[in-house]
Every structure is written in C-alpha cells, then in structure tokens.
Amino acid sequence: MFKKILIANRGEIAIRVAKACKELGISTVGVYSTIDKKSLHLRFMDETVWIGDSPAISSYLNIEAILEAAKKTKAEAIHPGYGFLAENEKFAKACEDAGISFIGPSSKALSLVGDKVASRNTVKKVGVPIIPGMHMTSTDISLFKKTAEETGYPVMIKASMGGGGKGMRVVDNEKDLEKSIAISQREALSSFGDDSIYLEKYIEEPRHIEFQVLRDNYGNCVHLFERECSIQRRHQKIIEETPSPALNDELRIEMGEAAKKVIEASDYTTAGTVEFLLDKNKKFYFLEVNARIQVEHPITEMVTGIDLVRQQILIASGKKLQLSQDQIKQNGHAIETRIYAEDPDNNFIPSPGKILFLSEPNGPGIRVDSGIYQGCDIPPHYDPILSKLIVWSENRNMSIVRISENLKMYIILGIKTNIGYLKRIIDSKNFASGDYDTHFIDEHKESLLPKQEKLNIALIAGALNKSLGINKRAKEYGSQYSQMTTPWQEIGKWEICSLS
Amino acid sequence: MFKKILIANRGEIAIRVAKACKELGISTVGVYSTIDKKSLHLRFMDETVWIGDSPAISSYLNIEAILEAAKKTKAEAIHPGYGFLAENEKFAKACEDAGISFIGPSSKALSLVGDKVASRNTVKKVGVPIIPGMHMTSTDISLFKKTAEETGYPVMIKASMGGGGKGMRVVDNEKDLEKSIAISQREALSSFGDDSIYLEKYIEEPRHIEFQVLRDNYGNCVHLFERECSIQRRHQKIIEETPSPALNDELRIEMGEAAKKVIEASDYTTAGTVEFLLDKNKKFYFLEVNARIQVEHPITEMVTGIDLVRQQILIASGKKLQLSQDQIKQNGHAIETRIYAEDPDNNFIPSPGKILFLSEPNGPGIRVDSGIYQGCDIPPHYDPILSKLIVWSENRNMSIVRISENLKMYIILGIKTNIGYLKRIIDSKNFASGDYDTHFIDEHKESLLPKQEKLNIALIAGALNKSLGINKRAKEYGSQYSQMTTPWQEIGKWEICSLS
Amino acid sequence: MNYKFNFLEKTHKINLEKADDLFKVIINDKQEYTITDVEVESNLISFKADDKTYNIYCFSDKDKTHLSIDEENYTLELEKDITTKAKTGKQQKGNSVFPPMPGLLVKVPVSVGDKVKSGTTLAIVEAMKMQNELPSPRDGIVKKINGKEGEQVDALQVIVELE
Amino acid sequence: MNYKFNFLEKTHKINLEKADDLFKVIINDKQEYTITDVEVESNLISFKADDKTYNIYCFSDKDKTHLSIDEENYTLELEKDITTKAKTGKQQKGNSVFPPMPGLLVKVPVSVGDKVKSGTTLAIVEAMKMQNELPSPRDGIVKKINGKEGEQVDALQVIVELE
C-alpha cells in the first residue's frame, strides 16, 4: 500500500480524496496555486506545496511542477481528482516515466478512451450499441451527406476531441449541412487545436445515463449500477440521481454488462464511468468513457455502500478487487445537487467573491462534500463548484422531499449561488414525475424563473437589520472586539446617514 | 396522518423530530423556555410557543403549559423526544384525556414498563431471562439476606423507580448489607420520592446491549437489531456502536426475539428499546424497557436504512408497519459519540457558556445531529448534550478510523467539551479490540487522561495570535464593521498592554 | 424611519415605525405589514409578518445587505447617492466594454481605429471555465484598448473604449 | 516580544522574535522552536514548527485565547495582574464556597452560626442535570449565606462565607 499520496487538485474533491487517504493510513500532500493559499483543502493535508501562479495553466495544469512536488515530498502516487489533469494522457505517461503511480487508468487506456472515434470502434467490436453514423472523422462532405441520408435527419456533427458542447451542432435537413460542417470544424480547431469532426444520428428526447465500473489489474470487473444525469445546464450536469427512474431491472442488467464490456475492451483499470444515451424507445447507445472519479460519485456510494475513492486507491496500489457482482446491491435512493457559484437567473454567469456567511445542512441521510468555509474567497480562476449536497432516503419520493428541505437550510451569503434554482427544479412536477430528458432545463426555462415572492419580506428584514442589527452585533462580537466598544459608542449611530 | 405536531423538547432531538415531520408533510410547533428564545431548534419550526421560565420544571416539564400550547396551535399530536416528559405516564395520560396523540406507547404500557418490579414480572412470565434476585420490593431485611445468599455475593441493591445510578449499590458481603439497604432507601426517597428497593445478583464484566423494537397498533412487531452501549460515564452512555462486537448471529437472533416478546407482553406500541446485560459467559438478562426514541437511535438508522422517528410518527398516526423481520438487515457498521458540554478531566463537570467558534465535520459516511450554532449560548439548566457525531462505514475498523478522523475536525471553542476524551477512548487499544464492558471508563481512567503533548504548540499559537491576529482580523471583518476601521487605527495597537 | 433599497435596478421605499411591541411597515407607500416577535442576532433576523414566522439569515457588507429567506437569496443595496451612480453606469454602458467579474482576458479581436458594429465582440474574458464575449454597445470606432491578452482583469475594468 | 500565559494554574513564558520569514520562539527560557509559513486568518492560525504543519483554530475572548489543535482544546489566559488575582483566589478559597458554573441553588444544609468541618457540604448547586456538592474548605463557623434555595446563582458567586 502507498505510504504517501499527492493530491493534484483543489476544492471539495481534494478534501474527499484526502479523507479516503487518511482512512487508509496514507499521508497526504496537498498542492496549491498562489490564490489558493488559504483554501479549505489545505487544512486536510499533512504537507502542502505551492505549485505556481493562480491561472490553472501555471499550477493545477502544470505537469512539471506537480511531478516536482511529488518528488520533493517523496509521494509514491498522485490522485488527480476530476478536471485539470485527471484525464490527461501526457500526465499519466509522465507519472509512469517518473515511477510515480497515477491513480487512474494507464496512459494507454486513457489514450484509447479519450479519442471519441477510436473508442467508438473499440466498443462496436464488442457488440455494444453505438449511435448510428460515421465511424471515423472525415473532411469529405459527400460522406457526411451519405451518412446523414442513411441515418435520417436530424443528425449531429461532433468534434473528435470534443467536450462541453464545443463543436457540436444539430442539423435538421440537408440544406444546412454544409454550412454546419464548416462552423463545427472552425469551433473544433479553436477549442481543441484539431478540426477532426464526424456525424451521427441525433437522438431525440435523450436521457443521459452512466454506469460506474471498477476493474483491477487482474481482470476482475464489476459495475455499481447507474447514475441518471439528464438534468444539465450548458451541457454540464447539475442534479444526478440513482436509481434512474427510466430503467427497469432487465435494462439495468443489460446496460451494466455492456458497460463492463466497454471497460474490459479498453483494458481500463481503477474506477471509470461508461456514459450512455437512452432514447425515448428505451434503446441505449454508448457515448463515452469518463476516465476519472466523477463529481457525482457520492450517489453511487450512498446506495451501494461502497467507497469509490477508497477502491480507486486500493486498485492502483495493486490490490485485488474484493467485490463480486452479486454482492453489489442498490439500496434506497440518492440525489446529488451541485452547488455552484453562479447566477442561474443571468445565463449561469460565474459569481466569484467572498463567502460572508455560511451554514451547511446536516442530519439523517445528509451528506455534504464541501470545499468552502465562512470567510473564504472563491477565486475566478477555476470551476465554480463550491460543494455538493447529497441525500439518501428509502425511496425516490422521500429523497426528493429530503433534498428540497435541506437546500432550504443551505445558507451561503456574499456570492450568488444556484441553490434557489436547484430547489425550483427539485420541486417541479416534471422532476417529480421522473419523466425528463437532457432538454429539461431549456424546456422549462420559464417555469424555473425566480418568483421573488418574498421580496417584501426581504425589504422588511433589510430595514430591521439596518435599524436594529448593527449595535446589537457590536455587542455580541464584543468579546473578540471588546476594545472596539468605546470608539464605537463615541462615533454614535452611523445608520443616520442611511436615512432618506 | 397528522397535519401538525408539537415537539415538546429542545436541542438536537427537537430538530431531528422536526425534520422527520417536514419530510412527512407535517407542520411543526416548537416550544421554548425563556432562556431558549434563541435556541437552534426554533429555526426548524413552523410555529413557536413560549411555555415558561428557564428551569425545566416551569417549561419542558410543565404538562399544563405544553398541553395549552398544543391546544392553542391546534396540534393533533405531541412528540416528546427523549428526557423531560418522554416517559412520563401522567403526561401520556393527560394527552389521551385531551384527545391529543402522544407519540409513544399508551399511558398504560408506559406505566407497566416504567415500574422496574412490575416489568420484571411481566418479562419473567414470557420466559425471557431476568437477573436472579427478588421479584418485588421489600422492607424486610431478612428477605434481602436470604435472596443474597441464594444468588451469591456480590449483589446489587436497586431502587424500583431508579435511573442514572441513583439508589444503586453493590454489596460484596453480608456484613455491609444492612447499611447499604438503608443508604439506598434514603437515596431513592430523595431522588424519586419513593423508597422502594429490591436486590439482585450483581453481574460481573457486564456489557450493556439493547435491541430496538417497532410495534404497531395491530400487533405487528419487528426488531432492528442491537446497539452496544457499554461505554458509559456516570451511568450514562457516551459511545454506542452497532453491530456489537460481542454477539454472533445466533445470540443476536435469540436476543432480538426475546426483545420482541418483552414488547408484546407489555402491549407496547411505537418505538421502544429493550435493554439487556450480557455477562462474561454470554448469558443475557433483561434489564429494562426504554420507552422513547433514544439518543443513540441514529446508529440503527444507519445500518438498517430505516428512519425510526418517521416510523414512530407513522405508527402513532395509526398506520400499519410496512416492514417484515426478514427484510431488515444490518449493513456495515455505525458508531455514535455524544458531544457534551462538560469537562472530562474534572469529573465530567458541566460546562455551560457561549460557543465562540464552531466547525462541524461533514463528508462521506458522516452524520451530525446537532443542536448548536456559532454564537449560541449553552444554558446551565438542561442536559449538557450539544450534538452527536455518527459515522457509518463498511466494517468496524473503518468506522473507528472514520470517527477518529472526524472528531479531530469537530471544532468547538468557548466551552469545554468531551471531544478530546471521546477520541482518546476511540483510539485506545481496548476499544479497538471490541472486548470491553461497562467498567471501561473506570478501569482505564489513567490511560484516558489528557496528554497535553501539544501545549508548547498551543503557547506558540497563542503568542502568534496575540502578535499578528487582531489587526488582521479587523481587516477581514472590515466589511461588516467597516465603520470601525478608523477609530481602530486611532487607538493604535492595543496588544501593548499585554506585553510583559 | 425611512429606508430606500435598490433591488434588481428598482428602488423600493420602506417606512418602518415602532409601536410598543410591534413594527408597522409600509412598502412603496402601498403594502402594509404588522411585524411582531422581532429577534435580531448576529446573522439571523426572525419576525412574524401577518402571523407567519420568518427566519432570515443576513450579512451587511458596506451598503449591501445579503439576505437568505428559505432557499432564496436577496441582495439589497442601500440607496445613498443613486443619481451619481446611475450616470456613471450609463456613460460606461455607451462607450466601453468591461467584464462583469474578474477573469482572464483571452482575446481582444479588434485594434485601435477599427470600425465596429453594435454587437461585435470586442473582448473575450474567461472566468471559472466560462468564456464571456463582450459585445460592442453601439456602432463606433475603437479608441483605446486597456489590457493585454493573457492578462488578469478586474470586474468593471474598462477593456475597450469607443470614440 | 514576550508573552505570559496561564494554563491550568501554571505560568508559561513565551519569547517570540521575528527574523525575516520566520519566527524564533523560546518557551520558558528552555525549549526553542523555529516557526515558518505562518498564516493567520480570522479563526485559523497555521504554521510549521520544526517542519510539522499545524492548523490551529482559535478565538480570542478578552484575555482568554481558546485554541483547538486536532481534537485537543487549550484555553490560555494572558497574564496581566496575576498577583491580584492569585490573592483574591486564595482568599475566596479559604473563606467561602462558590459554584464553578451558573446553576440552581438546590440546598444550603447549614445555617449562620453553625460550626462546620473541612469537607462538610455547605451548598448543593445543580447544573445540567448534575448536582455539585460544595465542601467547606476548612473548619470554621458559618458567617453569612448569600442566596436562597431554588434561586439561580452565578459562577463564582460566593454562597456561604466562613468567619
């Protein structure tokens, strides 16, 4: 077993990984950029190393600096978390070359699953359904036309290196095809430095359903059932649940076995996720492999009772998987909501700043994986995820009620967050029905607008706070600020200037 | 189903019950004494009612005021939590007479299980083992002598109405018997207003193991396995775990079935706990029924996935139990530590006061049922329980590591707490072995003393804080206290006066 | 006492009168509320408005009051010198572009002297993995560019000015 | 700079010297530490002492500094006028009893003029469901009783005075 692991990440996932290390008796090395000097994740580490300036490219994406930190602290392994270098083949290779264990698949497996076209071909060979379309990239427009005719419109153009919706385009008829190809190529080039694109059938009313898989170095492989991830904004998941309301046991077993085949065919080890699209006729298609621990992994942990990060570390250290498929059961229902520093009422624009007041929910069935504390600064440089509120309950209805009640108790003041927005989704009839697809947020834009029903109450509270709050507060904080009491009183009531 | 429930309690259990109500769509009425006007539990209630002055006798034990509050707010049911009126037969009767549902057993069942001698006889009839000794109270000293000779010394004298160790005395030989009887009678009279006492065999190296039972109004009855509660200080549990390391499956089933027999024989409904002593030869003896939801109920919830407070409410409202014995499984391992405002290094003397800084742990497998917030006052009037840290993990070893790591992350400044003490127990070899009994704390007094290894580090931190902290802080709080900046600077560095 | 708060670019007037154990509130000279059971703690204000109980978390940050009522957040701005502010706001809006938050200046696809149309992207700023294109507020000619590609820029820092 | 802290009735002297990026600390004129990487936030102090990293939560409450290092709490008292205090302390200790925390005065089993022995219970105070018997610090005669049975009493409030 490893004695020391460097965690090449920040925020809630760095803390999540550090906790798993601690529980296995492994020392932790945390890393930080200049602006992250006071970030919460560092409080969970045995050692910390500065790896560069605030922009990610200088720090959390800086392969050299991270390897340097690992060597300096004699870390035997690196856990990349998610995002940043988690699925970076070059980084995995550099670790291998430096004799440091990369906690993830081999660079070879990473390279295979990272290329959309190559992985599509691998998957096809083992008989897992893929979306009908071209099986390779091309620049030949006639090939695009021919394939589109075969699969039938609408079709989707995708970038080979794509992600996050970049270079993706839906085309409804032949007339628009040529123009769309050109735009996709341009977008792909500017986003990924590679203009390779291909064409597929466009799946209508698709649900995004993924299966969690674990595989060790000895070929032992299990899946841990599905996660339903269709609630997305800007192609990014914000609410996930398991079990999916769309699957029955038969389909669940079929998809789980398909996911294992994909992972085996790629000779992929540790923890990985196989993403599928499920169409309105309950046909499923392979989408891609996510070669990392995922943001939404806690819901799987809560229904199966298996600690995925712990398993990742055990497998990477060469341990045999101690789980067999028939031991793994889905128990109850879990939902995750991702808490983001963003303004959902203004096109989800990020909202960095200082968290002035924080109160997080707790109690039965509540898990909070958090990267924040009261007084911390949310820098503009990184992903706006703050934390995750995850609940478990006996069944889907009770989980919905539980997460709804606890979003209400999640108080973050000082920056904008999506908490109210998440609650509006959770409380909607359409979510409750379980009958939703990846277009949910676009389709329900209007009904998800904030109601601001309580504006008058807010105005009353604001006035009461101005009128009564400040002196009161000076008194209460008197102990830590006792020396302030006198000057305060001498200045008098400063609120006077705010009267109109 | 009830529409509105009054919660006749305070602190973490009032919040726990309020959450269960909310999740069932039931409105909540909170009650408070004068000093509890700002207590956390009120923030979880739809309505709140003042029920009297700060001493419990005027408020939380004030039957009239509580019934008045229920009538005023039109609450259909009262949940008593634990402590206070939870097992008070008169209160249950008063609720019944007022047509308000008491969420607990009937006053008749309460009366039966509340009397130690009566319940002992009931239990004996259904063939559940009881501790050998007198089966009724007596004032006849010769009867005490005769029974002691039959069972063999050491023997234990107990008060019929007893609890918390009051009126209890171990007698090692006949010479001390008469004197001990007199002392016990006096203590019983002054503590319970009733000097009835009896004598039993004293069980050596006893483990305190209890079984959770649920029973509905239609005779359906299940047990939810055991809780190991042998770690006690001053006869009060402070650490509980499940499964118990002392039981095998055979004994577990035998004791579980015995617990159900006890509950059925008492015609007891809702949630109840049957307490047993287990001696060093793995023989078990009925001890008593706890006729309430218990402080340690969360560990059962975490391994069985069943929400006990929800079940209590459902049963009290007349619903049929939807669980069968063979559906209920123990999954993984859970431990609870009770966080108390007390000084374990000074005979567990209570430590009321203001919580100046608070940071509670969260993350995978962590549950915190908390009744406190930063800035709250812990009044001297009530039980010193602040909150409970509960963890779940796949097995006992991982649960121990998890709770140990998270006690470290539970920061409470301003009052004394038992957090360090709890961690010393959890980290001890004797606890890890699982081989312990109710004498654990007395036997390991020496090794549980604080080490104060880090005093020098504390002194350094104290000096750095005095030297660097205050001005820094004024800056950071500048936003809320912006008007303070100027006078502050004018006064200059106040630390000067603290230099020697 | 009278207060004026700005919320989402609208001004709201609150009149607060204390009378024995309660407060009388009039909002925007129209809606009346009777407020009782007021408790103010360091970060919590609780009261009953027309018999419903509210627990409201709050934090005052200079002229801004951040409030959380159940899952909804409100940031109210105390109005002091609203006239000056509105003016500056307008001026900026018409003649320049600036990012709404701090970020990385990814691209300035125009040069000084370029003729631009309303809606033309004048700068791209990246923050928290999201790229924001800043469109020209009107037709015009680029007068000045502040900041280089690859530089950090502050919120409201004018990046491109028009003639 | 020199600081004196009282911890569990012992005085500790700390000498703190800043030198470039580090601090030199001498405790009780004996143990020396080199402190680096000092970060002070509102409630957290972190530093490296002899290459081990510490994250210490703290809160200053008048002369008391409350600290949490891992699971252990320390309350340090800044020594100012320690001589006066010690005197008062002794005087109280010798001639009276007082509860260590606020509570309910349950019983005063003695009357003015009673002769009492060292160890005799002079008062019983209940707090948080625990009864604390306050024993006489010496043999003596009860001079004065402050407070009635059933009353709330404060921490350190003298309840029974001896002659």
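Some points to look at:
When the chains are written out, they are named A, B, C and D in that same order, and each has its own residue count from 1.
By definition in this document, contacts are C-beta pairs under 8 Å (C-beta built on N, C-alpha and C of every residue); 3 or more make two chains touch, one makes a residue touch a chain.
All values derive from a computational prediction rather than experimental measurement.
Two chain pairs, A-C and A-D, are weighed by contacting C-beta pairs, with A-C ahead. Mean C-alpha position of subunit A lies 29 Å from that of subunit C.
Between the CA-based centres of subunit C and subunit D the separation comes to 49 Å, rounded to the whole angstrom. Contact of a single residue of subunit A with at least two other chains is seen at positions 356, 359, 375, 473, 476-477, 479-480. Within subunit D, residues 41-43, 59-61 each touch two or more of the remaining chains. Taken pairwise by the contact criterion, the protein chains fit none of the simple patterns, being neither a path, a ring, a star nor fully connected.
By the touch rule above, subunit A contacts subunit B in their complex via residues 15-16, 19-20, 22-23, 25, 298, 301, 305-307, 331-332, 354, 356, 359-360, 362-370, 373, 375, 393-394, 398, 401-402, 405, 473-474, 476-477, 479-481, 483-484, 487-488, 490-491, 494.
Those residues of subunit A whose C-beta lies close enough to touch subunit C in the complex are 54-55, 234, 341-342, 348-352, 356-357, 359, 380-384, 407-408, 410-414, 416-417, 419-420, 423, 450-452, 454-470, 472-473, 476-477, 497-500.
Subunit B makes touch with subunit C in their complex at residues 37-38, 42-43, 45-48, 375, 479-480, 482.
Contacts from subunit D toward subunit B in the complex involve residues 1-5, 7, 12-14, 16, 23, 25, 27, 31, 33, 35, 38, 40-43, 45, 47, 49, 54, 56-61, 63, 65-74, 76, 78-80, 100-104, 127-130, 132, 152. On the subunit C side of its complex with subunit B, the touching residues are 39, 41-44, 46, 53, 55, 59-62.
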